[in-house]
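Next, two complexes with chain A in common: one pairs it with chain B, the other with chain C.
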Partner chain A sequence: MTLISRRNALRVLGTAVTLLAGVSAAAVSAQDRSSVKIGYAVSITGGNAGGAGITTIPNYRLWVHEVNEAGGLELPDGSRLPIEVVEYDDRSSAEEVVRAVERLVTQDEVDFVLSPWGTGFNLAVAPLLDRFGYPLIASAAVTDRAAEFAERWPGSFWLLGGGADYAGALAGVLGEAHAAGDINADVAIISVADGFGIDLVNAARETFAEAGLNIVMDRTYPPGTTDFSPMINEAQASGADSFVAFSYPPDTFALTQQAQVAAFNPDVFYLGVGTPFPTYIGANGDNAEGVLSLGGIDTSNAALMDYRQRHEEFIGQAPDFWASQMTYAGLEMLEEAIRRVGLDREAVANELSTGTFTTILGETTLEDNQLRDLWWTGQWQDGVFVALEPSDRDGASEIRLPKQPWQGQ
Partner chain B sequence: MTRTIIGFVLVGLALLALAFMPTQLGAYGVGLLLGMTGYVTLASAWALFSGPTRYISLATVAFFGIGAYTVAVLSEAMPYPLVLVTAGLIGLGVALVVGLATLRLAGVYFVIFSFGLAELVRQLVTWYEVNVTGTLGRYIFLPISATEIYWQLLGLAAITLLIGWWISRSRIGLALKVIGDDETVAAHTGIDISRVKLALFAISATIITLVGAIQAPRWTYIEPAIVFNPTVSFLTVIMALLGGANRLWGPMLGAIPLFLLFEWLSANFPNHYSIILGLMFIAIVFIVPRGVVALAEDLFKRARRKEAAQ
Partner chain C sequence: MLLTALISGLVLGGTYALVAMGLTLQYGISRIMNLAYGEITIFAAFSAFILFSTFGINPLLGMAIVLPGAFVFGYLIYGVMMQPLVSRSSRTGSLEVDSILATFGLLFVIQGVMLITFGSNYTSYNYLNFGVNVLGANIAANRLLAFALAIVIGGVLFLVLTRTRWGTTIRAIAVAPASAPLVGINVNRTARFAFALGTMLAASGGVMVSMYQTFNASMGVVFTMKALVIVIMGGLGNLMGALVAGLLLGLVETFVATYVDPGLTLASTYLIFLVVLLWKPAGLFGKAAGR
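Right after this comes the complex of A and B.
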């Protein structure tokens, strides 16, 4: 017990507090109104940190870096103001994200607030930002009720679609493959018992039936499941040619590994969030080939490929193939709207809602405050996660079926 | 007697001043007061049961989440005051069932059980939502402003402190102290240990449930991962321990500085928050194991003794 005496502990603590106080005093001293203040609260720590650290934070940092490198945000009169960032950690707690946004608006008096990561957190701050008259560009929120929310909070913009969109697109892909005789009509589905998985599987139950598909297995597993072999065995025994998992990142990686161990080689292998991450191909190499998931990119889009290059150089890691591009495009739209109408928040919201923008996604317009030109289904092909669906849109790739058997067994 | 009356008048005046504060503060100030009052109530309610009995409960978030979920489920079906009453009753019911089954556990077994209870409730809610209702997230569109939430929490905090004060001067409070010191002795002196513990656990849990229910309209959208966040349990424990779980004002004196400190840390050190939090936990257990109120009393006594010696 005498190893650390109370006196010593107090001394160390005192030094630490003094040091911390010194650092923070230095951090807040630069305060002059020759900049545009942009604030955001995201999950830097806690359960949501993984997703926010791949999709949201790197893009915010990249964008701020690029804008300031160019001299700052351009205003209608052609002058430029550098961005000053106020960044808070919401610690993956809904109460924290609400209070952090209140602080951004009323204490820091930021000019614009960027969206947090996650459907729930975007919804938590939406009524607040609406009341304060700030636009909300929700780039990491998947919700089927976006139209209703856009009506309720006119300054809110929803860039990532809803569960029904993704499930419906997948039904289209599978239905077509079945009609072409590539696969049988049977599908085995597993889904994570969390907001995302439930939204998608509910939509899938309807749309798959409409597409003439037959769900022969429908299992839900709790988040945090690590052993998928019983479900994989059941899917294997079901005789379905298509295996669909509406999964979260840890499950997505585990399913890929365990399907290899079980030598489970369905013609269609579809996994959820995490598949379009650069780490997925890093972990699976050639075995990623042919795996289907949400999102995807159009490799013929030069602006997008250039963005991916810049992201990799600045952050040290490539962006994911799904929500990253929408996050960055949302920032480009904000930047362009400010260039056109200035820092008046109502005018910016109005411009976002009605204007047409050139972003890394191409020509971008919002319909009822929602981005609808999205890639719903993609596939790993030759080391790139390419977009498949909607197949009639420019830049869509052809699906490759059946998926090659796992290598290196 | 006159001292008690003066005390009540002072506390009443303080409450009035606190209730008046939102008119002087902006939205962020109200948010801060709201969060602070929420944790003061949680820590005080936690200490009602855990202070005298020394049962460290990590089940706070189980009840907190039940309260929030009740509001989410019922907010459109019945008027708001009725929703709060229902939430309180559900919390009470769960606390009685759980208490009857488990308050015979002691020490570390109870800690582990209470932590497991939070996870169990979360998984049950998830299972129900997935298999029965087929949705997971729920929306709360109640027109309740932050100031109104703050007033409700303030009222609840006052009630909690009043209950704490009443218990400390009643027979049940004396019984609790004996139980905390030695259960065997308590049983031999004729105290009905189980009933006393159960009553306290139920009161404490009901208040915690109400805190969750009152705060829920602030988030618009809830899902199990949001309302059953185990950090709430840990923060409540550490706040009560810092202030001193055995004193009426202890949990409050722990909750306010810690809440402000966390706020300051997350604003200034977003990347190091967890590390600093961990160090704080260690520091509190090492330096003020019985809480700052007890520490201040010790120092005060020592100074008095010195004076007397001279």
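Right after this comes the complex of A and C.
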């Protein structure tokens, strides 16, 4: 009896000490936490590195630098905690991004996870983050089904619109130019046979017809295509005044070069991802003038121009004219939400969904977890990629048509 | 239309062949399956870009700097990394697998260095980017130049390999590395030289590619894959084979894009690859001249 009770007592004591140790450790970490852990997995190497290296990574680094410079993230009680970053390379693999995010959540136990680059990658991690109760601010994902996703994963936020938005806006721009008699109704379209290109061309087929436009050429090409001369020749022979390419960055650059070689000078020259990159104007100089694409900026927005300045100073290169600003604005919203409600993830998600924020984009509010105040179509004008559409929004520039012929031929 | 497609296809194929010829030397003669091949191509492309944009040296003159550098790099890499594998494989006979593993590591080292030095951005510049009228077809001058270079390099090296004593030496170690020393050939030195020469060809391909194609630090594997397809189609170690296979691939891609659908170019590439392998498993020029 005494023996048993002693053994029992020892057992109880042991358990109690272990439990207490655990509790006190938890108490210590809650009271004396010295930092906020923020993690992200993004394509530092591999095929997506070119896009992530312009749009996502520089903005994450800039934001962390600025927040820590100011003393850290501000909490509701006015205290500040510095950000501690956990960064993983997903090597442009969808399996890897899921594994890395799972690791961030379960092993590194980060407080917040920032979104990866690319539509597919955001969709890959969204269910996982939802299961663990983490908000996802998807700032580099273009999807038409954002409303559906926001309903399925209530903590997910979509800041870059959908393919139908961009294609619809372009249809509007072209339809208006046609109605004004600037261009004929014929459009030649090529698109990359991958997520982005498929989404946009599908939307374009519908919206272009509604806008009274006539698609005379509709070709898709596999990713990695380097020689576009057969397609350019066909577009040139088609007699269309408008050339539209829903392309990826390497294709965008190649199309610009090869259109010059072929002396292909359509009145409207619209290219896809990569056009609003600073490297595009770097490589093409004056020949970028008049080229249309997705996105654009409002140069009268002082906060935005100030951000571009800071970005260039810290990173050493200018941000792009499309998704960079949304990426940074998303981070500002996260920072502000934490200031208002603290580090509770559910409360932060709720605040993101319902609150109004002042960001570099201006007054920013999400509708059904989506950012809808976006610029859909832009154009290179005098070295700046300015926003054109929606044309009734403040800060929109006037389109300049026809595009000047290529210089230096 | 037909003539335009024919000429565009030949020129595209020439640029493919240029990139593939170095790999055929390295794999066919030195027996090193170099997975870091494309990385060397990209490194040369970046070097040409830096020379052009920072120092104002045009890429053709830049070759005078990049190519010797690449030769020395290849020579050193063979000495440091491949030599131990080669000497070990005389006992185990596992040089191919060993070299694949070793160069797979090298791939990430070079890629990492490039990511740190040049960043992950897409890079592109314009040089000789104007149209030249060739029999009614409008061809970019930089591509035409790459085509000419491919023909010249392919032709000269083919003649050297088949007509000179030194070329016979190189082919001897490709055919019978074990017997070559019996007739007084220094296998090691010759293989090392061929590897360095292959590295130099990879770099010349990279400099040419940089003139007309957008590249970034992670794109090397694309070039390795394309080169591998061409090398296997042409026959290992056969320069003429690489040239013909490259041209064939360019023609097929252009004709499919022009007359069928641009979406099927990739499929047609692998279809023709499959057909060649079924019909001639050793490649187009497999047994005839190479090994």
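Assume the second predicted complex is superposed on the first by the 377 of 409 C-alpha atoms of A that agree within 3 Å, B and C clash if a C-alpha of one lies under 4 Å from a C-alpha of the other, contacts with A are read in each partner's own complex, and residues count from 1 in each chain.
Definition applied: contacts are C-beta pairs under 8 Å (C-beta built on N, C-alpha and C of every residue); 3 or more make two chains touch, one makes a residue touch a chain.
Everything numeric in this text was worked out from a predicted model, so none of it was measured.
Look at A:S93: by the touch rule set out above, it reaches chain B but stays clear of chain C. Of the two partner chains, chain B is the only one that A:R103 touches; chain C does not reach it.
Of the two partner chains placed by superposition, only chain C is touched by A:P250; chain B is not.
Look at A:T119: by the touch rule set out above, it reaches chain B but stays clear of chain C.
Contacts of A:I198 after superposition on the shared chain: chain B is touched, whereas chain C is not. When the two complexes are overlaid on their common chain A, residue A:Q260 makes contact with chain C while staying clear of chain B.
Legend: residue contacts after superposition of the two complexes on their common chain; A:P127 is shown touching chain B, with no touch to chain C.
In the superposition on chain A, contact of A:S139 is made with neither chain B nor chain C.
By the document's definition of touching, of the two partners only chain C reaches A:I54; chain B does not. Shared contact residues on chain A (touching chain B in one structure, chain C in the other): 44-47, 92, 193, 220, 222. Taken together, the chain C residues at the contact with chain A in this complex read 4-5, 8, 12, 111-112, 115, 119-126, 129-131, 138-141, 212-219, 222, 253-254, 257-258, 261-263, 265-266.
Residue ranges on chain A touching chain C, taken from their complex, read 44-47, 49-50, 52-54, 57, 92, 190, 193, 219-222, 224-227, 229-231, 233-234, 249-250, 252-254, 257-258, 260-263, 274, 277, 279, 283-284, 317, 408-409.
Interface of chain A with chain B (complex): residues 4, 6, 9-10, 13, 16, 20, 23-24, 27-28, 44-47, 87-96, 98-100, 102-103, 105-107, 119-120, 123-124, 126-127, 132, 193-195, 198-199, 202, 220, 222-223. Of all the residues in chain B, the ones that touch chain A in their complex are 26-29, 31-32, 35, 38, 123, 126-127, 129-131, 134-137, 139, 215, 218-223, 225-227, 229, 231, 263-264, 266-271, 273-274, 276, 279, 283, 286-287.
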